[in-house]
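Notes to accompany the following structure.
Labels run A, B, C and D following the written order; every chain starts at residue 1.
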Amino acid sequence: MSKQVHSREVRKAALERLAERGVTVQDIAEIVFLMQSPYHPQLTMEPCIASVHAVLEKREIQHAILVGVELDILAEKGLLSEPLQSIIASDEGLFGCDETLAIGSVFGYGSIAVTTFGHLDKQKIGIIRKLDNKASGRVHTFLDDLVASVAANASSRMAHRLRDEQEAEMDAKAQAQQTLDNTDEQAG
Amino acid sequence: MSKQVHSREVRKAALERLAERGVTVQDIAEIVFLMQSPYHPQLTMEPCIASVHAVLEKREIQHAILVGVELDILAEKGLLSEPLQSIIASDEGLFGCDETLAIGSVFGYGSIAVTTFGHLDKQKIGIIRKLDNKASGRVHTFLDDLVASVAANASSRMAHRLRDEQEAEMDAKAQAQQTLDNTDEQAG
Amino acid sequence: MSKQVHSREVRKAALERLAERGVTVQDIAEIVFLMQSPYHPQLTMEPCIASVHAVLEKREIQHAILVGVELDILAEKGLLSEPLQSIIASDEGLFGCDETLAIGSVFGYGSIAVTTFGHLDKQKIGIIRKLDNKASGRVHTFLDDLVASVAANASSRMAHRLRDEQEAEMDAKAQAQQTLDNTDEQAG
Amino acid sequence: MSKQVHSREVRKAALERLAERGVTVQDIAEIVFLMQSPYHPQLTMEPCIASVHAVLEKREIQHAILVGVELDILAEKGLLSEPLQSIIASDEGLFGCDETLAIGSVFGYGSIAVTTFGHLDKQKIGIIRKLDNKASGRVHTFLDDLVASVAANASSRMAHRLRDEQEAEMDAKAQAQQTLDNTDEQAG
């Protein structure tokens, strides 16, 4: 009866949902930059944007975006049954399914991602703060956590990559020094 | 604008959703019994039922039931937007938000609960197998994982309680022996 | 060969380890107070202390404390094998087993606990900051995360309890009003 | 004081620990094969081995192996303090830090990995059963869970990859058909 959905459609739909709800890759990359620049003073926006794109390629995250934004929109339109409608529409403090759904994809990037997620969830930095503004009449109960999750994942991914690069550089230097030493020896 | 929902309403709604979708406390307690009876040969159904009731008192689990069953029902009625509608209606193999939502509440009962959940999810025991039967025309993509989660939590909770009771019994015996020894000493 | 360890011994050992490493229940309760007082202006230290005690009763948390502090002490004495010795002694940034162990017990108290843990891990409030001070020559790689976990759990536990109390109060008031109305009616 | 450890050393040490404790990549790949072959009848051992190698490249998993095997060895030698020594040496049923440490790296591969891990933990398939044999006088309290975790991760990773390949194949066929149709049209 039901057809298998192609990954291409899932990815496309997830990115469209983010855009429709007012979240750009640039917005999320700015949070990543704020998180990582204290540890890497020469950081530019470019690798942050690349890291957000890489995280958004993950099926688990695309699925979480589709589910979370669907629930936000249904709540905005008043189409959920009670008491779930009131709980999501009011972003009720003890409701945790939004964080649970978002955390599920956070684990994918290790413990740095989990702690960064917790931090972003409390501090509400950048676009996350804008989404949290209830005055707008819009419901972003799930979306703000999903954005925090993507930003946390992209931060963690970048921290690991930057270490890899740093080590590769050190290896190259050691290699060069070694070659130099060998040359000296032979010359000496 | 939106009112705060009373816990009483949340609990009532969660239990009603389970009943409406054909799941009773007895069904879940039977899974708990199957999981724990190999370790405790004299186990009866009564503490299994009590343990399921205790788990269903948790806000996190009530919220997860409300969210999961809502999505199942909306998918059953064809009311979700694509491609989410097809993904949930077909219980797509790589879709993991159902397990994520259920696992979120599983953590509450420690690592025994997590491994029991994984086991139940694969083996589909008792009511979980019935829910998994796609022939029914109903959608239980989230519900089967929620039931596995409640059963896993109740199993873990009971394993901890049974240990506590066992220790209390040993303590009582040791105490009695001690009293006896003291009496002997005084008498001797 | 090996005897079953009584829960009483496990609990006693876990509390002793905390004390030996310079962490008191009061220290942890102060973090809980800082986390929850913005939401509950009339909060006193007493329920915070009670909540920390309740969390420390959990087997999963006692086990995590025993494992984490053991590894800290072994690293402090230089008794681990390399490269683990260097990784733990230096509290290496990309090492995540300390957070993983601590997070395991955080899940027990729901998503509020997870986000609070992430926040504390980044902000290093109160005793957590003192433990993080590497100048001391001591190794607290695991302990600071364990303390953050206990504090996060106690905060989450208290948030749920305070809601329950608030609702009970509202119920009592509604009940009293109802009685009053009935009396009026009968009187009228 | 403490030097930064190079990733190369961490990876090398983690693989050596597995080998020293009697676990080969082949052993783990055999579990992956058993898990995935029901869904993919033409599966060979080769991609299973490749998937295990890929998972073992992850820092989080290497760290978890170093920590877990260290604790197993220390318990085997009787070098831990009590009551932790007895708890780990007896693989005490309610001790969950072994699963917690292993689960931490399981999240990296999504919900399929978590449920597969739970299943392997209960069923004790292949090398996991051998490790669980307490008659050997060796302690593998952490190692059996770490192996289950690597196998679960490699299974989940492969499930996602196989879907990607299947879709790429379908796309290629559709593309070929399209070219054929266009040629027909132009020819017609």
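Quick note on the criterion: a residue touches a chain if its C-beta (ideal position, glycine included) is under 8 Å from a C-beta of that chain, and two chains touch if they have at least 3 such contacts.
Heads up on the chains, UniProt names are A, B, C, D = Phosphatidylglycerophosphatase A.
Quantities reported herein were computed from a predicted structural model and do not represent experimental measurements.
Ranking every chain by how far its Cα centroid lies from the centroid of chain C, the top place goes to D.
Between A-D and A-C, more contacting C-beta pairs join the chains of A-C. Centre to centre, using the average C-alpha position, chain A and chain B are separated by 31 Å. For the pair chain A and chain D, the distance between mean C-alpha positions equals 25 Å. Centre to centre, using the average C-alpha position, chain A and chain C are separated by 27 Å. Annotation for chain D: residues touching 2 or more other chains are 59-60, 94, 96, 100, 103-104, 110-111, 160, 163.
In the complex of the two chains, the chain D residues touching chain A come out as 6-8, 59-60, 104, 107-111, 160, 163-164, 167, 170. If you check the complex, the residues on chain B that touch chain D are 93-94, 96, 98-100, 103, 110-112, 114-119, 121-123, 159-160, 163. For chain B in complex with chain A, the touching residues are 1-5, 9-10, 13, 59-60, 63-64, 66-67, 70-71, 74, 79-84, 86-87, 89-90, 92, 94-97, 100-101, 103-105.
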